[in-house]
Amino acid sequence: MVIVQHFVNALQWGSFYALIALGYTLVYGVLSLINFAHGDIFMVGAYIAFFVSTALLASDSFGLSHFQALSLTIPLTMLLTSCVGMTLERIAYRPLRRKGAHRLYVVITALMCGLVLENGNLALLGASRRTLPEMLDKVVYNIGGIAVTNLKIGVIFTALLVFVALQYIVTRTRMGMAMRAVSWDKFALPLMGIALDRVIVFTFVMGSGIAGLGGMLFAMSYPVLDPYMGSMVGWKAFIAAVVGGIGDIRGAFLGGFLLAFVEIMVAAFLPSTFRDLFAFTVLLLIMWQRPTGIFGAPQTTKI
Amino acid sequence: MRRYTLNIILALACIGLVLAASYDKLDSYVLTVLMSMGISIIFASSLNLVNGYMGEFSCGHGGFMCVGAYVGSVLSLICFSSNKMLGAALLPPTLAPWVFPFILLASGLAAAFFGLLVALPSFRTRGDYLAIITIAANYIIISLVENIDIIGGSRGLSGMKRTMNAMRDVADIPWMLIWVIIGTLVSLMLLRRLVSSTYGKGVPAIAQNEVAAEIMGVNTDRMKIVAFMLSSALAGVAGALYAHVFGYVNAQAFNILKSTEGMVMVYLGGMGSLSGSVLAAILFTLLVEGLRFGIPALDSLLHTVNVLPADFTLSQIWKWVLIPLMLILLMQFRPEGIMGNRELSGVFPRLRRWFTFR
Amino acid sequence: MALLEVQNLTQRFGGLQALTDFNIAIEDREFVGLIGPNGAGKTTVFNLVSGFYTPTEGAITFGGIPTRGLKPNMVTALGLARTFQNIRLWDNMSVLDNIRLAQHFRLGYSLWDALLRTRRHCAAEAGVDKASREMLDLMELKLYADEFPKNLPYGLQRRVELARALAVRPKLLLLDEPAAGLNSADVDGLIRLVGWIYSEFNISIWMIEHQMKVVMTLCRRILVLNFGRIIAEGNPGQIQADPEVIRAYLGDGTL
């Protein structure tokens, strides 16, 4: 029974990792850029959700019920967060790409953007912790001794839905095909009549939107917000994405859940201080066995 | 004569610093800044061997510094202080100045050993996959340290001041400054010698064309081991120096943020440029310390011109907003770092008239 | 005993049979050609011989030593050097350093010698420096010693790559399409250069080449590869007359 309860918790925790890892993998697949600011975009998403929902609920003039507020907050959060992601791409990454800077300089810029986001948040909003207003009336289902809240089910369900939708977009739509085309050959794409920048912007919008959604769900599950909440989760989600095989959507999804399972199971049976130690050792062993991740294609060199 | 000018100038500058410090002409704040500058130089230039010269993307350099800091601290505590966990002092305090270099060396060796954690996977993996192995290694090292209770766990470890006091009792000179200077110069000399020898050129050969290196007779596996181990050994020495300069270590001081700091200095200075790393480390330290005073000044300036609302003060947190912003801007204007992959003599050829760079 | 002996070499990549039952023996001072249509498996042969791939089946013996399990750098140390189809120089190092680095395997000093600048290190460096400059002299590259290869014209880059391979002091030199990307005047120069190298350095050369003029002028013996199998072997005259070869290159249709 306890195991099953842990299993459910791991599914929820893994959903957050998976939602962030998807954003890493999308951007990486298209640009081979590790967007280290992505974890902080997740944090920004949580804050945006906070401001939007508070604004919607605070003034009586809207007269919104909790459910109406929630269904308005979700699209607004995703929209605004994608704007943040798009802005980063536009003002920080694109000029560097145009100048043909070394790939790693773009990565460092991304790291710096992340720092600006988290410290800027702390500097502007102060250290007072904020709490997301409750928008979902908590219902606890008790299935054979396992307590599952409706929120938990919602989170897991959303992650699955996002995964299926992304799989569809990437494999079936024109834009998705363009994205895959870029990852194969950046120079052939303009020849096919598709603007490279549009594909890149689309990728950033999707990645950040998903991160925003994740941030909002995270804030609903753990309502206290903190400017640094994204950095640790972000690094870990990145690792999850690579273990799954970066650039592969299935990999990001699986990697996220895998990491969550290891973490929750270690924390369940050992002192929680061992969590990182074991989680990362397991990941290191996986990488040792499959140097390019679970779904990653082997690195080959052609002479 | 020309071959020695650089060495002579450096030696004179260092002697000048030491003299100024020993006659109390430098206050302790300036002294600490100078020492952390030296430590940053070792940290950044050693990371440059892997991230710049070898072209790998190691994001976990802080982990190796952590190993060095803790090994150095523990050895120092075992040898020179009575501690309820680590037992009575093993050696008489008068030996401190002679034993200290060996403590540094041992810290370097221990860190080099942990470098294998990253070097061995690098045979089969490279690029971003290796990057996460380094991140994981950083987390693993920190988590490991935090779970060993005898060395303080997550509370940190202190008491290294006693070793410094022991040294001061032997002779009243600024010992730590001297050790940091020696450490910095020796590290730079070792790195310079390695990358300018034909043997060490095997390291940049891996970055520029690994296949060619492998097939034209370079033992790439051995070069990777050499680069990773030397780089982490020097980081370990930097860690041990850090532990003794500040007298206190905590594993979280060497987390991903520390590694990020190192990467910023490497890429800011230019990949594969030692003088670039040195310059970047100096500039970065000056920037961080300068903003400590700059931000209150800016705050009062903005208030006098009434840009800021009266109840809003610029806190020190703004430093960590401004620094990344400046770096982002700098990257936009110099997307290859301050020095590119050239050395000082390549940027200013005239310098060669006075110096030979070895 | 032959310098290089390859027996029943077979290579599979996943389901693809890239090379089937390849045999060759190359004697000292021989000049052998390897031709065949694109994708026939020519470069695969070179990659196997230089130790970059481990063969699925078969044995390679170089100078009497079986090379299975040896890393490419050890095979190079036995006296085998090669050039690449698409030039692979170290682009951010001077031409001189490129030549020096090809002697990495015979430096004979360790990391500690390099770090401590011991006498052994200095002696070895002086020797390598002298040998490299002589090589540049010999290959008429002296003027470009301090240039970066990426700033040199294509033809010169080819020449640097040849010089780098020769700096290994090989017994057998593998040339992978040395004339690729050269115009016809350059091709004539290359024929002279390779011919001169062959006689000057007293080595065996094994060359992959598409341009018949180069192959027919230089090689004494030619192997033809198609779909991973040897379909013909003989001197230039025999190869040019072989109906199998003509079919492989031109297809079954009548001319």
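Just so it is clear, A, B and C label the chains in written order, and each chain counts residues from 1 on its own.
Please note the rule applied: a residue touches a chain if its C-beta (ideal position, glycine included) is under 8 Å from a C-beta of that chain, and two chains touch if they have at least 3 such contacts.
None of the values given here were measured: they were computed from a predicted structure.
Touch-path distance (fewest steps) from chain B to chain C is 1. At the far end from chain A, in terms of centres built from Cα atoms, lies C. In this view the innermost chain, defined by its CA centroid being closest to the centroid of all protein CA atoms, is B.
Centre-to-centre spacing of chain B and chain C amounts to 43 Å, using the average Cα coordinate of each chain. With centres defined as mean CA coordinates, chain C is found 49 Å away from chain A. If each chain is reduced to the centroid of its CA atoms, chain A and chain B end up 33 Å from each other.
Contact of a single residue of chain B with at least two other chains is seen at positions 211. In chain A, the residues that touch at least two other chains are 303.
Among all residues of chain C, those that touch two or more other chains are 52, 84, 88. Taken together, the chain B residues at the contact with chain C in this complex read 190, 193-194, 197-202, 204-205, 208-209, 211-221, 226, 230, 272, 341. Every residue of chain B that touches chain A in the complex is listed here, in rising order: 51, 57, 121, 124-129, 131-133, 135-137, 139-140, 142-144, 146-147, 154, 210-211, 256, 260, 263-264, 267, 271, 314-315, 317-318, 320-321, 323-325, 327-328, 331-332, 335-337. Here chain C touches chain B in the complex through residues 50-52, 71-73, 76-77, 81-82, 84, 88-93, 97, 100-107, 109, 111, 113-115, 117, 121, 124-125, 128, 164-165, 168, going by the rule given at the top. The residues of chain A lying in touch with chain B in their complex are 28, 32, 34, 92, 95-96, 99-102, 104-105, 107-109, 111-113, 115-116, 119-120, 122-123, 235, 238-239, 242-243, 246, 273-274, 276-277, 280-281, 283-284, 287-288, 291-293, 296, 299, 301, 303.
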